[in-house]
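Each of the next two complexes has subunit A plus one other chain: subunit B in the first, subunit C in the second.
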Partner chain A sequence: MFIRNYLIPRLLQYFLVIFLGITIVFFIPRMAPTNPVERTIAEIRSRGTYLDPAYVQQMVDALTEMYGLSGSWLQQYKDFWVRLSTGDFGVSFFQFPTPVMTLIKRALPWTVGLLFTTTVFSWLFGNIVGGIAGYAHNRRWSKLLDGIMMFIRPIPYYVFALGLLILFGYVYRKFPIAGGASIGRTPSFTLSYILDVLRHAFLPATSLAVLGAASWFQTSKLIVQNVNAEDFVQYAQLGGVKESRIIFRYIIRNAMLPQITNLALSLGQILSGALITEIVFSYPGLGNLLYSAISTGDYNLIMGIISLSIVAITTLVLIVDLVYPLFDPRIRYK
Partner chain B sequence: MRRTRVVLLLVCLTFFVLGAAALAQEIAFPRDQTLIVNMLTGRVGTPSNFNEWVSWRWRDRGMQNLANEPLWSVDFATGQTIDGLASGDPVYNEDFTKLTIPLREGVAWSDGVPFTADDVVFTIETIIAEPGLNSHPTFATLVKNVYKTGDYEVVIELSEPDSRFHTHFLDRWGCTWIMPKHIFEQVDDVVSFEFDPFVGCGPYKLHSYDPAGYWTAWEKREDWDKSPTGIRFGEPAPKYVLFQTFAESSAKVIAQFTHQLDIADHDAEGFAAAMAQGGTIRAYQLSYPWVVNNDPCLTGITFNTMVEPFNNREVRWALVLAIDIVEYLAQAVDGQATLSPVHVPHLGAYPEYYIEPMQDWLKNFALDLGGGEMFYPYDPDAGLRIAEYARQRGHKVGDDPEELKNTFGLGWYKYAPDVAEKLLIKNGFSRDANGRWLLPDGTPWKIQITDINDVGHHQFKNGNAAVQQWKKFGIDAEYVATDAYTSLQQVGDFQVGAVWPVTEPWGAGADLYRSLNNFYSEYMAPIGELNRGHASRWSSPEFDEIIRRMRATDPTDIEATVAVSTEALKILVEEMPSIPTYGYSGFMTWDEYYWTNWPGAENPYMGPYGHWGTLKYMLPFLKPTGNK
Partner chain C sequence: MQDGDVVLRTDNLRAHYVLDIPGGQKVVRAVDGVSLQIRRNEIYGIAGESGCGKTTLMKTLYAAINRPLRLVSGSVLYAKDGQELDVYALRKRELRGLRWRYMAYVPQGAMSIFNPVMKIKETYRDFLSSHLKGKTAAEMFEIAKDHIDKLGLPISILEAYPHQLSGGMRQRVAIALAALLRPSVIFADEPTTALDVVVQRGVVQLLKDIQADLHNTIILVTHDMGIHANVTDRLAIMYAGRIIEEAPTVEIFRNPLHPYTQFLINSLPQFGDAGQRVSAPGQPPSLADLPSGCAFHPRCPKAMPICRELRPDTIVIGEHRAACWLHAERGTAQDAAYS
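Now for the complex of A and B:
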């Protein structure tokens, strides 16, 4: 019953969303005015290499052929699906001939490492502390914490990140100001390298985690305050149920439901990268890669990153949909 | 109780990890033996790929400026051509269909294999054979034959006369490099070959690089004396050279404040912040305007002359006269630049060859306003007006006329909005009741300047300064910043741009062919098609004739070259398809904490930048301060 009435239609919807999303991402960059072949030639010329104008057209033809852009859009679209069936997004145009998957694999660990950790940390911290503060909203510490979060949350991310950079990179000089690891270090699974990576990740992670936690805190606190006013909570209190049980089993569990959906969406968006963080801290990741792909008209690279992002978001939403009954017993797929 | 212990344990663990991370020591190259240079072109997109013959590579990561040696290099600071792998100038036959290149003896690649004529012959033959290599179209068409006449001499036969073929090997921020034959001959697919580790003839070899593309480290070769740099200039001082990129301008400034960056290219704001800090940070010039003002590049405004009304010479000139160059320069770069009234930058030998000899012609150049009225637009004192502006801003500016000319230029055009108005009215334009300009068909005149989306770039600065000037004159002007500007300009989908008004000249010698050839009519495509010439799409039969004469002129014949190039420059002033404004101002700073004897304006022994090929030739002259 569940499989026929819910799972199969839901899976069909899942694949349809991915197919449509990828199709749209295939065509939109091609409609933009940036032409990757012209952009590459302009870059070579503007960087000082002397290309005799008499031979530029021949170069355009050669690059168009090499980039696989010589056929019609429909032909390219067909070729794209054939390639994708083998997990190949082709080569990056602007970083020719590096395969798109190589570029993504290179940037992905940094993005996932930074954003997954900070997203989960800030979600847990914000929801737990926000939940408790929401339950005890009349206490002085709760009001103080709320005031601090209210002060932090509206700070524009760029300003906050730059402030951390100046404070800990220049004034106190405790943490590195740029990069994912020290210059000269070769990536390895050694304690020394891991500590070095953590040290470099401290400022970017702090900038993301603090603002993220403040946001989750405020949302969670408000939801908990609302749940707290529900009849079943009052009933439990009057019935003498232990306070910690009321907080964690009755209130936070109920308040968490929308937050779980939001967490899934936040985790799915990780694959779009954190552009401003990467810029401020010169930190490696997918955000910069995607930005440069868009600005140079690097169709294949745009396709690679956005497709993964589409798959990640839709998959996480699917998983949340399927496991929701575990969090909310009221929901049953019949 | 148990829960409290768990929480305490977690807190302690977190602090331990963060504390240990904070204490973790960086693997540092000994700082007193290391030069750290900021990369101009940003994060390397292909960190493991050093194959610079294919597509675009981030060559200023140390490839072109350190570990590679070209046949020849341009040094714009001295105006000289420096022999690298070549031991002298190319020798052409009489009709420029054959050239002989003498090569330097005693040079070895960084892996110890000797450099010989075989490498040069192999490079040219490989480029001809492989369509995926950048220079393939040119070489496949132009080179008829290439062979060696000895281990250190190469002859190239051309399929048609070309007096400048050797410039393909002349490094002016890039050129065609020589391949190490012993490596590339073993490669099946030259296009996909990554060439990692990089092997070059420069004095440094690859040490390591960031797989994420933020830095590349190079180490001095033990046999540095087998590089042209070592042979010509001696041992480079730094043992290591690091190229690092900072995505954020503030981080770059902080890096220099904390002595983690020796050579930095800033935007104007970053430059001001760095200079305000003072201490061991210095600029190219020791006094105002501080900036690098001898960069062989001219900035300005470019009209799309295939679009109305910019196809009208008098309209273009009206827009020039609507510019108050003092206000323009103030807004663009706070007056920190050198003006040029003609389409060649005011630097090196160019003023002597062109701008000074053209002064009389410029003073006598007149615009016909109709009804027998003539207007002489040239203002030989424009540079002095900029100097006065600088004084008013509180900067110390001397009175020596020669110094002022070098600093601010020889002149520009008068601010004459009344004359601009006459020219426009003569061409059917009018003003509405609010004083706003209307096109000849009566509709409001709107000008869009479409160009780069980078506030620190001189194209952005020029474009916005022009917008302010034209708005003040009563035109509804706006700047459209877009990453797609190169594509739009190449297919002519724009009205006005701020792309360089003329292609950059070599920066050495008198030859302007590299700049002027781009106006040849054959390269101009109709709107909607890819343009191969200058973005203005302007050309004329008269100018074509001059280009053809230039092609037949020996570029080493200074007198003949200057004569024909001057004719071309005069036509460009008369037609004004693009507006030359000021020479590129380099907002560059050096930190003198670890290294001194930089090639500043007081001692310009070599090009000052870290990203040009001449960096390797600067390094033997640097002196360590002894700071640890």
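Now for the complex of A and C:
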């Protein structure tokens, strides 16, 4: 019953969303004004190399062939799916001939390490502290905390990040201003290397965690305040039910429901990288990679990163859909 | 009336909503001088139109007032174990100890009073475990099962989530839950509102059964005079935060003294009479801005000059009490009778 009526249609929908998403990502860069072949030639010229006009056309043809851009869009599209079925996103145009997957694998640990930790930390912190503050919203400390968060929350992210960078990287020089680890160090599982990585991650992580926690705090506080006013909470209070039980089983249990969905969506977005963070702190993650891919018209690399992100988000949404009835009995598979 | 029979007594009880508004305060006089004596082993009805302060009175009696509602004057005294207990003088823990064991509450709108993510049996367990010590989960489940079964409700509801129950069933579950620990006083706020007549009958019967079994006091608030006629032993009519008339229910229906009560009763349809029913003209007054004198005078066809100036005292005529200048000469003033 469940498999035929719910799971199979839901899985079909899942694959359809991925298929459509990847298709759109295939065509959009091709409509963009940057032509990767021209960009490559311009790149070569900008290095001062003289190119004989007679050869330029030959080069254009050769590059078009190499990049897989010959033939109609439809032909390219077919070739793309054939390649993708073997797990191959092709080669990067601008770090030719490195395969796209190699570049992604290199950047992925940095981004996931940075974003997974900060997302989970700020979710936990924001929800727990925000929840308690929402329950005790008449207390002075709760109002004070709310005021602080209200001040932090609207700071534009890039201003906050740059501010941290200037203050602790330049004025006080406590933390490095760029990179994921010191230049020239080879990755290893030694304490000094890990400390080095943590030192580099500290400022970007702080910038993400502080603003993230402030935002989770505010949502969570608001949700808890609303749940607190619900009839079933008032009723349990009228009934003299123990306060700890009311807080955990009546308020937090119900306030958590929308926050679970939000957490899953935030985790799904990890794989598209933290664009501004990684640019501000020159962090070697997916966001930086995507930024350079877009600015140079590196179709294959764009495709690779965005496809990954599409798969990540749709998968997490699928998981939330499948497990949600465990949290909320009102939701049914149908 | 013998004092030993009285289970709940209030004297000139006032509870106001004090709201901070730009440039000062707004005071909503939802309960404005209520003196009551409610007896053991009776169903006491409180009637009145929407916005007259019925629910606020119930909350004040149940000692469940939260800001901006404030107790302004008076006290709420319960007779418990031969002593009078002032609920507003109790500490938080002592008050919590009274809840459900001594007094229970059936709130308005049973549609949303159960935690949507918990089965009914878990709600039962929470209420039981908060008031009974040293019982295992299995024992508490047995108590809940016996209780539900004895009241004639299907045991399967314990395994249901609230959204799987009908409105009438949820209301009955709420009433059953209130009777769980055999309390001396049960407050039921509009338990039949939003239910159709057939379901109303079931709910009313359940209340009556519980009262007949426990011989306790049920305080029933509803604007439905038909329910009052069927269920209550004594009836109070509330208008603009005050009790304007109180008597045994039969007596009120036979001989209403206050013009407002007369309107309420005359608006009920009767067999064989197809004529238009007449209701009180106009709208109930705003509790934040009450008329001078008797609050009913702007709508009263029998208003006299004195009604605009002075608020009528409650006078006592036998078992009948009324606050109306029309009857001021006929009985003794309330203070003499109630002190």
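Just so it is clear, the second predicted complex is superposed on the first by the 333 of 334 C-alpha atoms of A that agree within 3 Å, B and C clash if a C-alpha of one lies under 4 Å from a C-alpha of the other, contacts with A are read in each partner's own complex, and residues count from 1 in each chain.
The rule we apply is simple: contacts are C-beta pairs under 8 Å (C-beta built on N, C-alpha and C of every residue); 3 or more make two chains touch, one makes a residue touch a chain.
These numbers were taken from a predicted model, which means no experiment stands behind them.
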| item | value |
| --- | --- |
| Fit or clash - subunit C, subunit B, common subunit A | fit |
| Which of subunit B and subunit C A:I166 touches, first, second, both or neither | first |
| Which of subunit B and subunit C A:G87 touches, first, second, both or neither | neither |
| First (subunit B), second (subunit C), both or neither touched by A:A32 | first |
| First (subunit B), second (subunit C), both or neither touched by A:Y250 | second |
| First, second, both or neither for A:Q234, with subunit B first and subunit C second | second |
| Greater residue coverage of subunit A in the superposed arrangement, subunit B or subunit C | B |
| Contacts of A:K242 with subunit B and subunit C, given as first, second, both or neither | second |
| Where subunit B and subunit C come nearest after superposition, their Cα distance in Å | 22 |
| Overlap of subunit C and subunit B interfaces on subunit A (superposed complexes) | none |
| Subunit B-facing residues of subunit A, complex | 32-35, 38-40, 42-44, 46-60, 62-63, 66, 92, 94-98, 103, 106-107, 110, 162, 165-166, 169-170, 173-187, 192, 195-196, 198-199, 202, 278-282, 284, 288, 292, 294-297 |
| Interfacial residue positions of subunit B with respect to subunit A in the complex | 17-18, 20-22, 24, 26-29, 41, 43, 45-47, 49, 54-56, 59, 131-132, 134, 136-138, 141, 167-168, 170, 172-175, 191-192, 207-208, 210-215, 217, 242, 244-248, 250-251, 254-255, 257-258, 260, 453, 482-484, 486-488, 490-491, 493, 504, 514, 517-518, 520, 522-523, 530, 532-533 |
| Residue ranges of subunit A touching subunit C (in the complex, touch as defined) | 230-232, 234-242, 245, 249-250, 253-254, 257, 327-330 |
| Subunit A partner contacts - residues on subunit C that touch it in the complex | 62, 64, 95-100, 104-105, 107, 109, 112-119, 122, 126-127, 129-131, 161, 163, 177 |
